[in-house]
Structures are given as C-alpha cells and as structure tokens.
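What follows is a set of structures to go through.
Presented sequentially are two complexes of subunit A, the first with subunit B as partner and the second with subunit C.
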Partner chain A sequence: MFLVNRVAILAVVLFAVVVIGFAITRSTGTPLYASLGVAVSEEIIQQRAEEMGLNDPIVVQFWTYFTALARGDLGSSRISYIPVAEDIALKLPATAEMVFFTLVFSFVWAIPLGVRAGLRPEGKLAKLGEGMAQFGVSVPAFWLGLLFVFLLYFLPQRIPEPLGPLPSLFPPPLGRLGGATPPDMVTGFYTVDALLAGDIRLAWQSLWHLILPALTLSLTSGPPLFRVTRSAVSEALSSPFVEAAYSYGLGRRTVLIRDVLRNASPPVLNLAAMTFGYLIGGGVLVEVVFSWPGIGSYAVWAMNNSDYDAVLGVVIVAAVIYVILYFIVDLIQFAMDPRLRD
Partner chain B sequence: MTTIAPHRERSLFARVFTGPAAGITIRRSLFFFMLFLAVIGPWIESIGQWIPIPVYDPLRPDPFNPVSPPSAEHWFGTDTLGLDIFTRVIVATRVDFTLALIGVTLGGGLGCLAGAWAAYRRGWVDTVALRFVEVVQSFPVLLLGLALFAALGPLDIFGPVDHGMAVLVIAIAMVNFPLYLRQVRSVLLPLTEAEFVQAAKCAGLGAWGIVWNHFLPNARGQILALFALTCAYAIQIIAGLSFIGLGIEPPNPEWGSMIKTGATLIVQGHWWVSVFPGAAIVLSVYSLTGFSVRSETVIGPGGTST
Partner chain C sequence: MPVGTEGVSINSDTANETLLSLSGVEVTINTISGPVHPLQGVDLDVFPGETVGLVGESGSGKSMTLRSILRLMPPGGAITGGAVKWLGNSVLNLDADELQSYRGSQVAMIYQNPVSALDPMLSVERQIVDAFKANRENSDGVAEEYARDVLRDLEFGNPDVILKRYPHQLSGGMAQRVNIALALACGPSLILADEPTTGLDMTTQIRVLDLLERQVSARNAALLFISHDLRAVSRVARNIGIMYAGQVVEFGPRERILTNPSHPYARALLECMNLRTGERPRSIPGLVPQMTEEYNLCAFRNRCSSRMAVCDEQPLPVHNLGERHRLLCHLGPGHD
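Coming up: the complex of A and B.
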C-alpha cells in the first residue's frame, strides 16, 4: 500500500516537473532567430516555425514533447542538430564523477567533524567544523573555485628565485584531462575507465583534475551535512536508549558505534543522497569555472545560444534525477525503519 | 545565551537588532556597514569629493590604465576597461541588496500567505501546496533561473524596468516562494484548532481575515529568521546568475558580473578583478546569516521550526 502510494506520488511529481519545466521554457518567445540568423525573410521564419511545430497550440506542443520524452527523446539542438538526449548522455558522467568526488570529500571532512561536534559541542574540532560550515555557506562556489585556481595553479609558478618557481600544485582549469586523450568509454568516469584500461598515469591525471572542482563543491555543499550529523549525533547521544546501553555496562566505544552512530546515520545518509541529486544540476557555476564538460556547462552554452530544447532537457534531467533519488531514499528509509510502517 | 525577562517585553524587531549577544556584535556591525554602503552606493562619487578616498565614475573607462594592480590611486585596482574596482564594489552593494530584498519580499510574502492558507484549510489545499513545493524544489536553483531567462529572454514585458533585473527578481521570488510556504505551514499547522482561531471564527471573521490578522502573526519570528537567511541566499543566486552572464549586464556594476570579468584574468595572475567583489559577497552573506542565527536565539525554543 505504501509502495503504491509512493509510486503514484512519484508519477504525479515527475509529470508536474515536466509540465513546469516546459511551461517555463516554452511559454513565450521565439527561438527561431538563433537557428536561422537574423537576416532571413519572414516566409522562411514562418516555414521553419511550421516545421518545428511552433505554430501549434501550446497544449499540442506539450503533448508532442511529452510523448517524445516518454520515448527518451528530448528534442534536438537547434544549433548542432544533435539530439539533446545524446549530448546529455555524453556529458552526464562528467558531472556525476565530479559530484561523486565532492561527496567523497564531504564524507572526509563534514561527517567526522559533525560526529565530533555532536560528541563534544564545546571542543576545538566542533569550533573548527562550525567555522568551516559558516565559511562554506557564505562563500560563493564559483568565487572559491577561482581563488583555488589562483592560489594553487598560478601562484606556485611565480614564487621568486631562491625557492621557486615551483610546479603548479594543480592543473589549469581546463576540463577533465586538459588535452590528454580520454580513455575508452565504459562507465564515463575517467578515473574508473582509465583504471579499467590499465592506464594508471591517466587515472591519476584525471583524479588530479577532479580535486579542485570537487573540493570547491564539497566546501560549499558540505555545511548542511556537518550540521545534520552534529544534531543527529547529539540527539542520539541524549536519547534514552543510549542511557540504557550504558546501564547495561557496555563500553563507551561499543555504545558509540552500536547505538549512537547507527541511530544517527539515517538522516545523514538521506541528506548525502539529496546532496548528490541536487548537485547534478547545482554545480553549474563550478563547472563553468573549471571548464568542466558536464551538463551544467552544456546548459549555459545552450542558454547563450538560445537553444531552448537543450536547456529544457538539462533542467528536466536534473530535476528527474533529484526526484528519483528522493524516491529511492524514501523507500530505503521505509525498509530500514520499522517505525514508519504503521 | 541571553535571557530576557518576560516582563520587559520588547518588540521582536528590537530584540533582534539590539541587546547583548556576545560574539555576534562584529557580525552585526558588519551588516550595518554593508547596509551603509548600500545606502550611499551610487552617491559615492560625490562623497569622494569631500573626504580623501579615491573614487571614480563607476562607468567611465580609463583606456590608459587597464588591469592595474591595487595602488594608492585605485585601492582595489582596475579591470580590463580601466574601471575602478573599489568604486564599483561599493556601487554594486545597493544593486545586489535591492534586488535580493525585492525578490525575497515578493516570493516570501506570497509564500507566507500560501503557507498560512494551506495550514488553515488543511485537506486537499494543503496536499496540493506540499506537492507543489516538492516539485518546484526539485529543480536546482540555478537551472531554474537559467530556464526563466530562456523563457523571458526575448520578451519585452517589463516596460521601463531593466529586463535582466526584472527576471532576476522573478527568479529569486520563485525560489523563495516554496521555502516560505513550507516554513510558515509547518509552524502554523499545530495552531489550526487553537482557541483563538475558534474564537475568531465565532466572531464571524472571514477566512482571510483570520489568516491575516490572527494566524499569520504567530509565525513572524520564524519568518524574520528565514528572511535574513534567504536574503543572503538571494545575493548568492543573483551573483551566480550574473556570473554566467544573465541578469545584470556589464559594464553595470554588480558583484557577480565583476567576478566574471576577472575569471579569465585570474589564471594570468590578475587576482584583484575577481577577488574584491567576491569578498564583498562573502561579507554580505556572512553578516546576513548572522542575523538569522540571532533571530533564532531570540525566538527561543518556544518557536517550533523544522
């Protein structure tokens, strides 16, 4: 029953996502000049509008788009005539890889600090975590990325004579490999593909290119993870079952792992999954800063060329990924937490 | 923690803006400093004639002095056109603050009403409102902004109002609407059956009268806390959209578009073009989020927020 309910809601939400996305991008405007140029006659414009179905009523246009979408067809780019779905499929792994490493970094700093801050709210590490969270919330991701580029790519080369010039710590912000030949596509994650191809140098190189964008995104998207971990841990710590566990005579370490961390983990993992879903479309600016060839850069490129089908495609894909992740997290929580089943 | 004696009941506003709170004082003065900059912003050039700080016309290029590093004449250096960055950072404060304020007020105000209405009516109204929030929030903010610009781009519907600014305001409003709806609804939902609501009903007040006069005021503490936070967030969104060339077009001063100008220069070592406007964003957002923390402590544990 729960499942049926959730799936029904999922379907409604997905449909609404498409409707709103469509309404926003298609409600107005004629994108024809972008594909034809300005210096064409009125007849050609009309003819093209007819071909593209832009003269049909908006409901008909939506239905055409929606039925095509159901077949996995997001329309074609009005500039390159390449199907949008193909473009996105090509660029999505780049974004996913960046977001994946972002979460890896967040798990390295935000969650341990959050646990520590929950256990010792007045400790030095708690203060450090809070400071990092404050910083991460205040700083715009794209600006932080630029700062990293300056400090870690540019500056080491300019250290004066006695010490330097040193080699750059990180590569210039020029995409995933900066010119090297990418590995054969298997998963689309360059690090994984390079390892599969047995090329450790290439894997290292792509990892090296990943670090700065992922670190930037991690610092700016990690604060909620830190805060949720902190409050989940401190809540679990003060709950009666922890007291009970201590009263059984269990050791501090055992209680910490068996009761505190286990009970604190659902909200944290929940948020981590949400962050992943959100960053697929939320890392646009960082992608632009690092010339990362993901769907965010693609959307910006399409926007600058008034390529609306491409913009709409990215918007819908990002939102759908988020909604589906949300759904999966919901199901997992339901499966794991017996209290929800009543 | 400050404890305020109950008999010295001061207005919520006064409690947020004054009173002792160790540690937040610097942040608060920072906020007033940024506010001060926002107020004097466009007049900085005339002010510069009276006090000895080097300010210039924010829009007049100096072709003989492009990309010059910070110096006594140009405290923050100049950009590719030779525009003075110090002046422009100050002038842009008002642009960013005003757009954030208008957008948040518009979207947040409607969101508050919708949230209060949903909590008051419950039932299907509430369900629809929640689903709507869920749907809108599943769009990443910047992509939503991008899509809005794609849609409203070729239209000339705002008359004398600057097109990019108008779309920015709409984007900010759209992002904020669901946030306020959700927050206000969750605060007010437990109050639907409260006695004062019953009393107002008995007194024969209409539904909107009850919502507006008796229901919504219960959430003002949370709204205030959210307001500072969302304004901070809005500044980041405005700067982000301008960074990818949407919204405020150069050479008009705006922090995000100024950072954009410097983005290609920073790999050549010309850091000042991007760094100073970015620092202004960081300071504004930091000081504004401080207010949100402050409001939450003032509201205290009585306010139920999720």
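Coming up: the complex of A and C.
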C-alpha cells in the first residue's frame, strides 16, 4: 500500500513537472532569434515560427509535445537540430559521475563526522565537523573551486627556479580528461568505461580529474548531510529503546549498529537522494569553473537561447532522476522499517 | 522452574546477604540552566528474592534511583556521591566490560512507556533473542526456543505470531508483557520496574502486575518496583519505601507503612489515597520542592503540619525502628 501510494505520488509529480516546465519555457522567450539571428526580416521570422508550430494555440503545442514525450521523444534543439536525447546522453553521465563522487566524498566526511558528533556532541570531531559545515555553507561553490584551482594548480607552477616547476599535484582544470582520448562509451562514466576497456591509466586520470570538482561540491553540499546525521543520531541515542538496550547488557557497538544507526538512517538516506538530485542541475557553477562538459552547462546554454525542448528535456530528465532516486530510497526504507509495511 | 533461569538460590546463608545496597547515593545533572540534584542521599537495601516498592510524587527521584542502580545516567548526569553495591561489590567501580555483564544478567529493567522502550525497527523475536544471547554463553539454537517459552510464561496464547510482530503492532498491555519478557530473558537476580503499568488501563494494569509478580517469584528474582500509585505498589511489594525530594524518607514492611506510617509526608500521602471514606481525595498543601536546590535540612518542612523549631536548625536524623523500619524525621518514632 505504501509503495502503490508512493508510485502514484511520483507519477503526479512527473506530470506536474512537465506541465509547469512547459508553461515556464513558453512564457519566457522564443528560440526564433537565437536560431535565425536578429538581422532577418519579419517575414522570415513568421515563416520560421509557422514551421516550428509556434503560432499554434498553446494547448495544441502542449499536446504535440506531450504525445511525442509519451513515445520517449524529447524533441530536438531548435538551434543545432541535434536531438535533445542525444545531447543529454552525452552530458548527463559527465555530471552524474561528478555528483556520484561528490556523494562518495560526503559519505566519507559528512556522515562519519555526523555520527561522531551525534554520539559525542562536545568532542573534538564534533567541533571539526561543525567547523567544516559552517565553512561549507558560507563559501560559494564556484569560489571554492577557483581557490582550489589557484592553490593546487596555478601556484605550484609558479614556484621559482632553484626548485623548478614542481609537477602539478592536480591536473589542470580542463574537463574530464585534459586532452586524452575518452574511453569507448558504455556507461558514460569515464572511470568505469576506462576500467571496462582495461585502461587503468586512463581510469586513474579521469578519477584524478574528478577529485577537485567533486571535493568542491562535497564541501558545499555536505553540511546538511552532516547536520541531519548528527541530529538523527543524537535523537536515536536519546530514545528509550536505546537506554533499554544498554540495560539488557548489550554492548556499545551492538547498540550503536543495531539500534542507533538503523533508526537514524531514514532522514539521512532521504537527504542523500535529495542532494544527488539537486546537484544534477545545481552543480553548474562548478562545471563552469572546471570546464566540465555536464548537463548543468548545457541547461544554461539552452535557457539563454530559449531552446524550448532542450530546457524541458533537462528539466524532465532531472525530475525523472529525482523520482527514481526517491523511489529507490522508498524501497530501502520499505525494506528496513516495518512500520511502513502495514 | 522455567527454562534458562539462573535465579539466586535462597538458602539460610545467602538469604541474609544484601543483594543490592544503596547508601547516600547522590546524582547531579548538569543542564543548560544549572545543576539539578535529583538524588540527595538515597539509602535502600534489597535482599534476594524480595519485592520492594518505592512510592513518591513525580520528581521525587524514583526513576533516577533505578537508573543509578544500572549506572544509566542521562546526558550531563553523574553519580556524585554515596555507594551502590551489588553483593558487596561496588557497582561504581566496574569498568565498561564488567558493567555490561552486570547489566542484564544481574539487574534488568522494565520501562515506563512499553512501546517506546522497544526498538521500532526490530521484531519481537530479534529483541528477545538478542537480550537472551547477550547474557548467556553457548546460547546458539536455544534462544529462539527460549523466546517462545518466555512469551508463553507471559500468557501469550500464540507466541509464534507475537515473535514475528513489530512493536507498533502490539497494544500497550502486550508491549509491556514483551518488555517483561525481555527483562526475564536476561536472567537477572533483580528486576527493576519503572512505573510499568502507568500507561495501561485499570484491568490491564492488574493483570500485568500479577503476571510480573508471579514470573519474578517463579525465577526467585527480587523485584524493585516504583510507582506514584501507592495501591499498585502495595499490591506487589512486601516492603515499601516513601521517596521525597531525592531521599527515601521512610522505609518499612508493607503493613507498617500502610497502617501506621511515622513520617508526616507518608501520612499525608496515605490520607490522599484513602478513598474508602468516600471523600473527595485531598492534596498536600504547598509545592513540590525544586531539585535545583540541595537540601541540608528536611525538604518537606515547609509543607509539614508537624513542623518544629529543630526542623529549621538541624539536619535530618536517621531512626532505625527494627524490622528494617527506617525513618528520616525529627519527630522520631512513637509520636502522636
């Protein structure tokens, strides 16, 4: 029942996203000028508008779009004529890979520190975590990215002679590989594809390129994860059933894993899914700083040109990713929490 | 004897040995708004196999007394004075491992709110099995069998169904019987019960109380039962202590405490609860003392109808009146 309910809600959400996205793109500009330039006659513009179907009633336009969408057709760019699905298939994996490693980093620092801070609110690690969280929320991601580039790439290069130019510790911020030939596309994750192709050097190189953007995003998007983990753990820790578990002579480690972490995990999982979904579209400034050919940059380009189908395509794909992630989280919680199964 | 119990053997030698002894126990909790002193010198003895009840208003330190026995302190709380002794050994000196094996297998606790004392994510079976295994060696294979037996002891008609259930699928009375099963599964010599029936309706209360009493005595374990309800306590306990402001102000056999208490607070409490007269229950005038203060003099004197000059001048004397009857009051025995 819970799952049926969730699926229904998610379907409604997706439909609402399509309708609202459609309404907003249509009401905020036209792709005509980006596609034709401004130095064309009114006649040609009218002719083009007719071709694109822009003179049809808005309901007809929506129906045309929606029926195509129902067939899985996201349309084509009105400017480059490349199918939107093709562009997205190329750019989404770049962003997804970056966001995936962002979450990996966040799981390495924000969640363990959050657990520790929940268990020992006065401890040194709790203060370290809170310090990192304060820093992460107050610093803009693009600025932090620039700072990393400056400190780790630009500065080492300018260390004067005797010492000589040290080999740069981090690769220059030139996209996903810095000039190497990408591996054959299987998953679109360069690290995975390179491994599949048996090229460990290339996998290492793409991983190396991922570190700075992912670290930047992790520091700026991790603080909520840290705080939610801390409060969830601290709340679980003060529950009567945790005290009861201790009173039965269960060990600290057992109680921590069996009771505290299990009961603290739902809000953390939820937020992790939300963070992933948010970063798919929200990491655009970091994509720009690191010349990352991701979907965020693509969306900004499409919006600047009022490229209807491209913008909507990104919005819908991002929404679908959200919905799928939430559904996975729901499934995990359904498996974990008996209260949801009734 | 039920399966898997390791009750204390009661013979003439050990029967006189104190199982648990609290003397002058003080607890301080540091809160944001300053220190609180919920226990200000608790004295209490429990002998093997006996039932002891503690009565007092909320805030009198009943629950904290039980927690100090298990050394389960709330955040910022610590036992700051006195001694807790188990079979003559100091509980306050136990290291983490010793404390873990003392909890459960020696002393187990039943909690006030039965549903929230169970982990909502785990099945009844998992919780009983884990409690059982934590306190016994070589328990593989027998734990599931034990879980079924202990539920049967607690009058669950269909234990196999209950074992598969989760806490939210249990009624309050069922959840409390599961909590009792958990405490029994640890095989303790002393069971602490923290207002175990407060949240239940009247008929369920009596049933759970009787069941608790029967199962504890079937295992030769002792029971320390606290409640604000003197009737519930007098139903179960052979010896009764009256708590006020973090101290046990009077302790004695049930008959003495119920028929002829010496402490003015005990008398007032009894009068409040005496419903046989058909009168509207009365309340004790004055306010419950603030536990942010430490009381060197009697904490009840501002509400006391027998207040004397000495009450404002000297700390409370201890009167031992025989038969474990003990009194903290300037009035002493034999007044009125």
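To be clear about the criterion, the second predicted complex is superposed on the first by the 320 of 342 C-alpha atoms of A that agree within 3 Å, B and C clash if a C-alpha of one lies under 4 Å from a C-alpha of the other, contacts with A are read in each partner's own complex, and residues count from 1 in each chain.
The criterion applied here is as follows: contacts are C-beta pairs under 8 Å (C-beta built on N, C-alpha and C of every residue); 3 or more make two chains touch, one makes a residue touch a chain.
Because the structure is predicted, anything quoted here is derived from the model rather than measured.
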Check your understanding: Which of the two partners, first being subunit B and second being subunit C, lies in contact with A:L10: first, second, both, or neither?
Key -> neither
Review point. Should A:G282 be classified as contacting the first partner (subunit B), the second (subunit C), both, or neither?
Key: first
Check your understanding: Which holds for A:A89: it touches subunit B only (first), subunit C only (second), both, or neither?
Key -> neither
Exercise for review: Look at A:M274 in the shared chain and tell me whether it touches subunit B only, subunit C only, both, or neither; answer first, second, both or neither.
Suggested key: neither
Check your understanding: If you stack the two complexes on chain A, which partner ends up touching A:V192: first (subunit B), second (subunit C), both, or neither?
Key -> neither
Point to revise | First (subunit B), second (subunit C), both or neither touched by A:A180 | key: neither
Point to revise | Greater subunit A contact set [subunit C / subunit B] | key: B
Exercise for review: State whether A:I79 touches subunit B only (first), subunit C only (second), both chains, or neither.
Suggested key: neither
Revision key, fill the gap. Per the touch rule above, subunit C residues touching subunit A in the complex are 70, 72, 75, 96, 100-105, 108-109, 111, 113, 116-123, 130-131, 134-135, 166, 168-169, 179, 182-183, 185-186
Check your understanding: For the complex, which residues does subunit A have touching subunit B?
Key -> 9, 12-13, 16-17, 20-21, 24-31, 134, 137-140, 142-143, 146-147, 149-150, 153-154, 158, 172-173, 278, 280-282, 284-285, 288-289, 296, 299-300, 303-304, 306, 308, 311-312, 314-315, 318-319, 322-323, 326
Practice item. Quick one: which bits of subunit A touch subunit C in the complex? Just the residue numbers, please. Key: 238-241, 243-252, 254, 258-259, 262-263, 336-339, 342
Review point. Which of the residues in subunit B end up touching subunit A in this complex?
Key: 131-132, 134-136, 138-144, 146-155, 232, 236, 239-240, 243-246, 256, 259, 262-263, 266-269, 271, 274-275, 278, 281-282, 285-286, 289
